[in-house]
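Each of the next two complexes has chain A plus one more chain, namely chain B in the first and chain C in the second.
On to the complex of A and B.
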């Protein structure tokens, strides 16, 4: 047990250093982009704003000529205090409030589709590996690999056009209907589910194959090992062998994959959110980059970084739990 | 396999049931659904003074109102909160007469005090003074309840536009605000036709009409509805499905895509704004500094083709003066004596280039005197497909006269940074806009904004200054006499045509679509009382008060 704690603490130390490195890159990389935010806002008016406006804009956003290193220290300091600054594109809204509302929608949409896709894919992988060369095994892997090979944005747009526009089965965008009031009430929840259905389906459809195939392949290797043969010889039921003996070991690499995917959920739903006008993080990131909104960009990258690190740490704990070898 | 199909169909069938429920639609629609800003979720900000332009449309001209509205279709100022104005003391003092009987939406009376307060709050917080009014103003006071006096520290008549179109805020509300720069004004009190926030959610907000509006019987409609649309594709889909009543979006091949779906109700109107999109020529480039080369490039361009291929024929080839459409009234009467270098004449272009010493070899390429290929880059913002196509046509045209021109695209931030630093040769871009061509010509020829290469120039990207024009600008700024103003504009126009500091490419149009199924009395080519586009505040106020339920 002491050993496990040690392992977790060591991992935590590693994550801490990783977080610091990410925060530092997070600060410097946006500043290497050409142009400055005031100039971009000015240019957005396409000649309708007079050049005299530039000074007013620079003053508003508090854009300083302070050396980068000084700015870097005050940036680290305010992050430690939980202050991510004020957005430029959505001036004068604080970055934290903008991110928090978008974050919820992304976690809802991408998180759910990831969990569904992961569970369904892993389960299907287990089943088709158990009944390998069955009908399901010869059909599903190539079919899903075929779908997964389409460019995602194309698949999503076709789905939106056919099911949303032509057939009107699904809404054309947004996270909930305009006739419901956000809050904890049944119509709102139903509407949110209905609006998430098509984007979630497209996301599940393209990612399902990956989970299924990796689970199937490891499962097949596991099924060939001696301890499975021994379990069969002992006369254990096939269900028990399939789930408790084989799948439990085969799922470990998939868990690591899940941890990584959980992090990418926060940024990776970008295309989905743009195509389905879904008000999440991904679209916000695009806006922030377009407007050179440094504070918002930093805030978003930070949430993504922290989410990846946190997810990986949780996976570390899970693996500790599932795999006794790490506990020795 | 069967299991999978069923597991998919189950939620599907449920969803279809839900979907049908939403389908009941009547012929009446209470709220006018508008698209003006591309957003994915709304942020509650109704600060009309915010310099970042981050307030929701129509805060500055809908919730709040200006003193006068410049109508770009007629070229006249429409009296609004202000009724009349007068220049005094050799244009050092401007007096404006305010309308009586105007009330704020909370019932308090509006007066000249509010106007003076609005300008003085900008004086105190310079970040709010985006039009640098206090660069020429000395003092703004309310002489009486209805008269505001603007005193100038230097005579600057063109400043009238910034003063007249300033949105006015209520003194009794704003004098309690400590930091108006960061104030998001969540519950606005304005004089405009729509002031009541009925609902504000991240995806949809609704703006109801002002119970105390000073124009009796107006606005005709009860409320405005703003769903979020993050992209042009979403706007197009919403327009097609009839979920959007008024939009200001660029839609390619609009007759086929939009109008043909419902020819009776699906309308658009893309009037010329009077302004021009330019092919900017960096005059600090050693080759482009030669006016013969600039004019040769201009002669070589087949603008008809650029407009057809690049702009879906939505606009027309540029006029050599750089102004067109509703601004054509400023065209000089002596234009027929001036050189018309925006006509398509490759022969003339070849002649000018030969004369400038750029000789063609047997393959048809031209070379500089020191043996280099005559080549330029045309820089465009990546993703701005209409301009990219236009640039490709220009590139083809230039090839025909022996000039190699490559189209290069940059991300917006990188593009604007290159333009401002003068780090380009040719580029498609906009130019300064104003109520007279003065703003354009000042941006084109004034040494005031001239910066050396590498320094940031907010305007005059092509880096051209002309002393004889500078003195004309000074004269223009001193006079409020209509005839004198016209004479100066003519002179500036002839200077522009003589020196060709940058090349007008095509006229600018404003994008606007409307659906007349539920609402009527939108501006149109037959009824041009204002431009239809919501993108030109404060002119959009004229539309807001005139649109009616069908």
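On to the complex of A and C.
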């Protein structure tokens, strides 16, 4: 147990370093760009912003006459106090309050599709590795690899065009209908699920192949090991060998991949949300890019990074439970 | 040594030439490169206003016109040039940086490895797209910015793969022999080890190019590229800006999307081919299947099906 605790603390330390690196990048990127960041922003917004917005902007970036190190310290301090600055596009709303409502929608949509795609892909990978000469194995991998070749958001565009626009099976956007009141009630939940269905389906479709192929490959290696041959020799049922003996071990690298995939899925989800006008982080990101709302963009980068780091740590804890080798 | 080495290389090359997947992929990629180089000289002017905006495919405009009344076919063809150029340039740079950092990290080990692995892992865990967005929004838009941003967010994955491969080579006898005979570390890495990683480097390059094309299109779709140039990404940006979806003008985004998908899929096919030709486990499986029943001798290949670690 001591060993596990040690491991978790070491991982936590790593995530703190990663978070610090992200914070530092976030601080230095505007300052390393050619020219003076304040001048760049002010030139872009001349005449469009009220003087108080300009001042808020100056404060957000800490673009005071302090030396760089002093600016860096006050920046770190304000981030630790949960202050990500003030948005330009939604002035004078603070960035944190804009992001927090959108974050829930993104976690709902991306988490939902990630879990479905992971479970389904892993299961399919197990099955096709087991029946390696079956019809499923010669059809699914190339088909999903082909689908995976499309850009995430482009597939979403086509799906929206066919199923939303032409066939009207699914809504054209937003997270829930106009006729329901947000809250913990059944019409709202049903409406939210209905609105999430098509974006989630496109994301599942594109990411399914990756899970399936990696599970298939590890499964094939596992099936070649001696303990599987021994299990066959003992006369165990093939179902038992497939699930309890082979898949249970083969799934471990996939679990590690789960944490890594979070970053990719969140990134992909951002673009999918834009297509479906889904009011999550991605939609905000688009607004931020269009309005050149730098504080909002950087705030989004920070929250998504923190979300990914936290999720990775949870995966680390889960792996401790699933893989006895990690807790000696 | 060099004799063996050459024969492996020539076996790979003949293997790839005979591999149907790889050849299909290579032909498609060459076709697109050809289109990217010479296509713009043949087509109509992609920036000219030619016909009613958003008119469907017709004889004058095979793929219709976009929201600016420009010819979609011409736009798709001229979009190939910059998209592929940025994609492949990024691919090369990602592999070079990955080989440099991953190689040094895996070869030297110890403190250097600790430090570089930390750097690699930090970049791996940071979500790519939001980072690309803030970088791209601060820098002046253009192909140079795109390449730089894509390289910065994409090198870590390759570095990690190359690092672990380097670590297995580091413990091989031929490396120990080279160290004992007094060769310099740089020489060992570049002359002795890197050529043996050729298949890994090639498939890393292809993987990185697939990533670069996809991510670049995504960034440009967000409006972070130079929207006045014609690339596949800006084509999609304008399609979405001109309400292509709500007006049902599928021809403004389908050709570009299909081109991207075909290029990525062709690159994936090449990677499958390289894997089939150079992966010992797949080679041995194929060799078993082909040769065991007829009991033919196998020239120099030891069949390896199981993993004995």
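The criterion applied here is as follows: the second predicted complex is superposed on the first by the 277 of 328 C-alpha atoms of A that agree within 3 Å, B and C clash if a C-alpha of one lies under 4 Å from a C-alpha of the other, contacts with A are read in each partner's own complex, and residues count from 1 in each chain.
Assume contacts are C-beta pairs under 8 Å (C-beta built on N, C-alpha and C of every residue); 3 or more make two chains touch, one makes a residue touch a chain.
Being a predicted model, the structure only gives us computed values, none of them experimental.
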*Of the two partner chains, chain B (first) and chain C (second), which one does A:290 touch, if any: first, second, both, or neither?*
both
_Between chain B and chain C, whom does A:17 touch in the aligned arrangement: first, second, both, or neither?_
second
*asked:* With both complexes overlaid on chain A, does A:252 touch chain B (first), chain C (second), both or neither?
replied: neither
*asked:* Per the contact definition in the header, classify A:224: touching chain B only (first), chain C only (second), both, or neither.
replied: second
*Who does A:84 touch here: chain B (first), chain C (second), both, or neither?*
neither
_If we overlay the two complexes on their shared chain A, which of chain B and chain C does A:93 touch? Say first, second, both or neither._
first
*What is the contact status of A:25 with respect to chain B (first) and chain C (second): first, second, both, or neither?*
second
*Mind working out whether A:135 is in touch with chain B, chain C, both or neither, as first, second, both or neither?*
first
*Please indicate which partner A:102 is in contact with in the superposed arrangement: first for chain B, second for chain C, both, or neither.*
first
*What part of chain A is shared between its chain B contacts and its chain C contacts?*
33-34, 40, 165, 274, 290, 292
*Can you check the complex and tell me which residues of chain C touch chain A?*
118, 121-122, 124-131, 133-135, 137-140, 210, 214, 217-218, 221-224, 236, 240, 245-246, 248, 250, 253-254, 257, 260-262, 264-265, 268, 305-307
*Partner chain B, residues of chain A touching it in the complex*: 33-36, 39-57, 59-61, 86, 88-93, 98, 101-102, 135-136, 139-140, 165, 168-179, 181-182, 190, 194, 197, 201, 273-274, 277-279, 283-284, 287, 290, 292
*Okay, in this complex, where on chain B does chain A touch?*
1, 8, 11-12, 15-16, 18-19, 22-23, 40-41, 43, 45, 50-54, 126-132, 135, 162, 181-184, 201-204, 225, 227-231, 234, 237-238, 240-241, 275, 412-414, 416-418, 420, 430-433, 439, 443, 449, 456, 458-459
*Which positions of chain A touch chain C when the two form their complex?*
14-15, 17-18, 21-22, 25-26, 29-30, 33-34, 37, 40, 145-146, 148-155, 157-158, 160-161, 165-166, 221, 224-226, 260, 263-264, 266-268, 270-271, 274-275, 285-286, 289-290, 292, 294, 297-298, 300-301, 304-305, 308-309, 312
